[in-house]
Amino acid sequence: MTLLRVETLSKQFGGIAAVDGLSFAVEAGTIHSIIGPNGAGKTTVLNLVTGVYAPSRGAVYLDGAMVSGKPPYELAACGLSRTFQNLQIYTSMTALENVMVGRHLRLDRRLLPSLLRFPGVVRRDEAARDRCIELMEFVGCGRYVDADAASLPYGALKRLEIARALATEPKLLLLDEPAAGLNATESREVDAVIKKIAAQGITVILVEHDMKMVMGISDRILVLNHGRKLTEGAPDEIAAHPDVIAAYLGAAA
Amino acid sequence: MTSTFLQFLFSGLTLGAIYALAGLGFSIIYNASHVINFAQGEFLMIGAMATVSLVGLGLPLELAIPLAVAIAAAVGVALARFAVVPAGDASVVTVIIITIGASILLRGVAQVVWDKEFHALPAFSGTVPISVLGATMLPQSLWVMGVSLAAILALGWFFGRTMAGKAMLAVSYSRLGAQLVGVPIRRVLLTSFALSAGLGAIGGIVVAPITFTSYEAGVMLGLKGFSAAVLGGLGNGLGAVLGGLVVGIAEAMSAGYLSSAYKDATAFVIILVVLFFLPNGLLGHKGSERV
Amino acid sequence: MKAYGSGLRTTLGAGALALALVLHPTAPDAAEPPIKIGAVLSVTGGASFLGDPEKKVLELFVDRINKDGGVKGRKLQLTVYDDGGAADKAASFTKRLIDSDGVDIIIGGTTTATTMAAVPLAEKAEIPFISLAGAVVIVEPVKKWVFKTPHTDRLAAEKVFADVKKRGLSKVALISEDAGFGKSGHDQSVLVAKDFGIEIVADEVYSPKDSDVTAQLTRLRNAPGVQAVFNFGFGQGPAIVTRNYQQLGITLPLYQSHGVASKEYIKLAGPASEGVRLPASGLVIADQLPAADPQKAVVTTFKKTYEDTYRMEASAFAGHAYDGLLIALAAIDRAGGTDKVKVRDEIEKTANFVGTGGVVTMSAKDHMGLTPDAFHMVEVRKGDWALLD
Amino acid sequence: MTSDVHASAAPARRGGLARALLRPRTGGLGLLALVIALLPLALPNAYAYDVAINAGLNAIVCVGLNLLIGYAGQISLGHAAFFGLGAYASGILTTRYGWPAPGALAAGAVLVGVLAFAVARPVLRLKGHYLAMATLGLGVIISIVLNTESWITGGPDGLMLDDLTVLGWTLAGDHTWYGIVGVTLLLTVWLALNLIDSPVGRALRALHGTEIGAQVVGVDTAHYKVLAFVVSAVIAAVAGSLFAHYAGMITPGKAGFMKSVELVTMVVFGGMASTFGAIVGAVSLTVLPQLLVAFEDYESIVLGLIMIGTMVFMRRGLFVTLLDLAKSWRRS
């Protein structure tokens, strides 16, 4: 079953096409990676899919319904969640509170009950707290529960974003370079977390430079170059594809 | 009919040029530090009050003006050195409060050093009105407009052609980037305050024959200057001038055709409407969020 | 009463220095508690050019009277608070004077707004209160504990309209400052215009800090049938009006209010002020008063004392504070102490008191005690005041 | 980052009673109640009560404004206008139309709420200094209307109010007003603390950190900014109503730009994103000018120096910096 379908998607910044007529589809329950050299338009694709940017042309369909043009918070309600290459952490909150914001849509967020602290609000908050602590343990930053987010090391913040994204209970999770800036051990740990997420039935779109990780965990890989699809296929097909090698090695080929 | 309209327009241009001069200083400091200096109006006041008192001491105007500008620039540097630089990377609002504190301090010093009276400077080229198609304008208004124009040209030259100006521009685009290529951030900041205070003082001096001056004169000029700078687009000198003219003409037209009680309100309504459609002002750069 | 009044007049003639001696020639008894005088003035802010001289006057004369032994053998103790022109601060400081400092009498309220904020407090605490602000509302209706020394804006409007009428004109355009003094003056002008058969043909306002009013003046000039213009305001505004008036080449007679009756105005407005008429108190034209004028001695002495000390012109506003202080002290002297009820009664009985603002005779119905005669119509000629009547 | 955030996030059930007492909603609120209850012992006269009541009223506004500035990260240089509108609504409805005071207070709050809601969305699209400009403009426009329409507002001289009567009882006197303001302050603080530690409050703090980061987990950032704006405006309006009845008069100056700046200064001075910091800021900057009167002509010089000094050396505000200092001192 196709969860996400992207059709002739284009995005222009001042006349320059960052993404140009891109089409692809993501099957439910798979790990679908997007790779490509720097400036290929990977992050732009993620921003277009999650509603951070509005597409110049083309459309995005989630579960068959057109969702392009919707703002990110509405897409979150549709089951889309993501992490960021440049971390988007709420630095004035604790680590746990960061994850709890991920529960936003699942909590009583009306003004009056919050102001008057209705018992229902408290009860659901408590439940959310427990759930979020579990999630933090799940991604491997359980020991930072009470810490200020600003005091967390970089690697932990990357996981914290994953936990926050998971807290929304997404159908589709988009990870933007979750291993960037991590050392080898940390990378393997994140690797394992992604596998566990996929095992729970959550579809994952992964943008990553760490080829070892991508080749190891992806069901399917989309290769971008200059905002266009270079090729798409299973990891072993991609590894052998001459265009991919050329693109990565530069114009020499 | 035409002469009435023309009279309102002259009135608006006079006001607009005054606001533009007040607004320019906001832009310079904003460029170098992304600080909104709420003590900017006080620089104008210091320039005018210092000139008044130096003239009172018997100095000729030609000597009093550069001295007063130097005094204001020194105050500007001191403000940057002792209040803004030590604040370092404090939040925007914190720095705003610091500059508000500075404006209170400078007004306090002014009322002790000088007095609480209103003072007038003699008009530079007399007070015989210039008549155009039945409408009149004072020669001093031309001085104000001329100085605004000269300031814009001088700033254009400074930022476009001199090393110090380019360094300042570099800082406005990327603080870190500028630091990496060896721009002395701190000196740029101090220079920007000196420049902005000096320019403010010149503005204060040329408008003093029209508006008079007192230790509190900076409050109104600061507020209007801030409005002009924001309306035009922060960090854009040409924008500040354009913003000043829009506010000034809006006030005069409103006082002339609508209601003198609501002229300030009309100006603010225009500012609000412009900002709703152009959230970064008339000539401001469109900021994009990178994620 | 009469004897006292004339006694005081002679002392004033000899300067405040002699005042205390006549009031009480014996040396003060150290055991006597001081007479506590409180003042809430707008020493800073938009009305600082009113409040600052007021404060200077109170300090100067309290100091002098103390040097000469005080009143009834008791020293004066002055507490001045600066409300910065803000009404709520004035209310707060008035409370402080009453509750914390325990003063015997309050002088001040530089502006109408600050006065009106303090009035209910003084009434409630039953403490004599002498305001230095202009508007009629302060003493109309009469409030038991509240008095004022300056002329009202209504008197000024009446004086101006009488002069307009004398010139055979009847269509007047108003331009007033959009704040306390100007607004109140404007309202009073509109109110009394009818009594003089004067028609208000145009009505414009400006903000206290406006730097150009040519747009408003252009509208006034274009008003049908306009014969004279009357500007009610104080501070820099009237000077800007005057300059813009000349710039536009308007030749109709221009009247200003008593709010700008100081040399400062002529200095700021420059040659544009030639021919401008306004109502002024005797103090403003001290040197031009005929020798026979009852105020001549008082205003000349006051002016000299103040100007010798502070090296700046004694404005009418400084005079209001002087009048307020002396009326208060005279009442305390007559009351034989600081009993608030007695002092209040004595203030109300003030009669033929010659102050800088005019000759004051109060009554239960009149807590100001000045008549239109207290004003002189003056015209600016060659950069100085010329007395018209 | 801040005291409130620290403590509120700590799960109480794991900390037990001692930790619960350190939480702002229990310990902090209790301490505040204690201070309010005991302060009268140290207030020698009516003037001291007056300062305390004004400090309390400012604190109420600042606790609300802090939700917007400190927590949601949106500056407003126009909040005095909402304070003023609340005050004028009370004044006009009770004196000119004979409304009962509680009805007038509620009407003022509703009016301000509706007005704030109407303007909030376009205004809050703006960021940083542009937002500051727009809120400033909004405030100035409102204060000009209050100053000009003297047929109903009394113009520059202001409006006089009668004593507050509720159900036949006349509420007057410093002690009564101290009580009213004290209880209102406690209530406001309780509401603010509740809100901060709720899904709504977390959404506000999240969007302050990063708007895009908040949006992708489902936070409609525009909606929550509007919410914070409206809530803080309504709180300001209520405080304004109380002020008008207490002071017995209201002038346009109370709604003006300078008052707005003063309010923001209080919030930042005490410490942004800290409810108790806002109170400390409001109280310090209400009391300070009263003390500085002793400096006479040098008053504004000293005030300016104190403001600069505090913000340079305690960038995060008086209360927050001192609290952090106390914490690190205790730890070491």
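Going in written order, the chains are labelled A, B, C and D, and every chain counts its residues from 1.
Quick note on the criterion: contacts are C-beta pairs under 8 Å (C-beta built on N, C-alpha and C of every residue); 3 or more make two chains touch, one makes a residue touch a chain.
What you are looking at is a predicted structure, and each value in this text was computed from that prediction instead of being measured.
Enquirer: Shared touching chains for chain A and chain B?
Expert: Chains in contact with chain A as well as chain B: D.
Enquirer: Write down the chain pair with more C-beta contact pairs when C-D is set against B-C.
Expert: Of C-D and B-C, it is B-C that has more C-beta pairs in contact.
Enquirer: Quick one: which chain's Cα centre is the longest way from chain B's?
Expert: If we average the C-alpha coordinates per chain, A ends up farthest from chain B.
Enquirer: Find the geometric centre of each of chain A and chain C from their Cα atoms only, then give the gap between the two centres in Å, rounded to an integer.
Expert: 74
Enquirer: Averaged over CA atoms, how far is the centre of chain C from the centre of chain D? Could you give it in whole Å?
Expert: 39
Enquirer: Counting in whole Å, what is the centre-to-centre distance of chain B and chain C, each centre being its mean C-alpha position?
Expert: 37
Enquirer: Using mean CA coordinates as chain centres, what's the chain B-chain D distance in Å?
Expert: 32
Enquirer: Please list all residues of chain A that touch 2 or more other chains.
Expert: In chain A, 52, 84, 88 touch at least two other chains.
Enquirer: Enumerate the residues of chain D that touch no fewer than two other chains.
Expert: Answer for chain D, listing residues that touch two or more other chains: 148, 212, 297, 299-300.
Enquirer: Using the touch rule from the top of the page, what residues of chain C touch 2 or more other chains?
Expert: 43-44, 178
Enquirer: Hey, which residues of chain D end up touching chain A in the complex?
Expert: Of all residues in chain D, those touching chain A are 1-2, 5-6, 9-11, 191, 194-195, 198-203, 205-206, 208-210, 212-221, 227, 231, 273.
Enquirer: Spell out the residues on chain D that touch chain B in their complex, using ranges where they run on.
Expert: Residue list for chain D touching chain B: 69, 75, 122-123, 125-130, 132-134, 136-138, 140-141, 144-145, 148, 211-212, 257, 261, 264-265, 268-269, 272, 297-308, 311-312, 315-316.
Enquirer: For chain B, which residues count as touching chain C in their complex?
Expert: Counting only chain B, the residues touching chain C are 4, 7-8, 10-12, 14-15, 18, 111, 115-120, 127, 129, 131, 136-138, 207, 210-212, 214, 216, 219-220, 252-253, 255-256, 260-261, 263-264.
Enquirer: Could you list, by residue number, the parts of chain C that touch chain B in their complex?
Expert: 43-46, 48-49, 52, 178, 204-207, 209, 211-216, 218-219, 222, 235-236, 239-240, 243, 246-249, 264, 267-268, 270-272, 312
Enquirer: Which part of chain A faces chain D closely enough to touch in the complex?
Expert: Contact set of chain A toward chain D: 50-52, 71-73, 75-77, 80-82, 84, 88-94, 96-98, 100-105, 107-111, 113-117, 121, 125, 129, 146, 148, 150, 164-165, 167-168.
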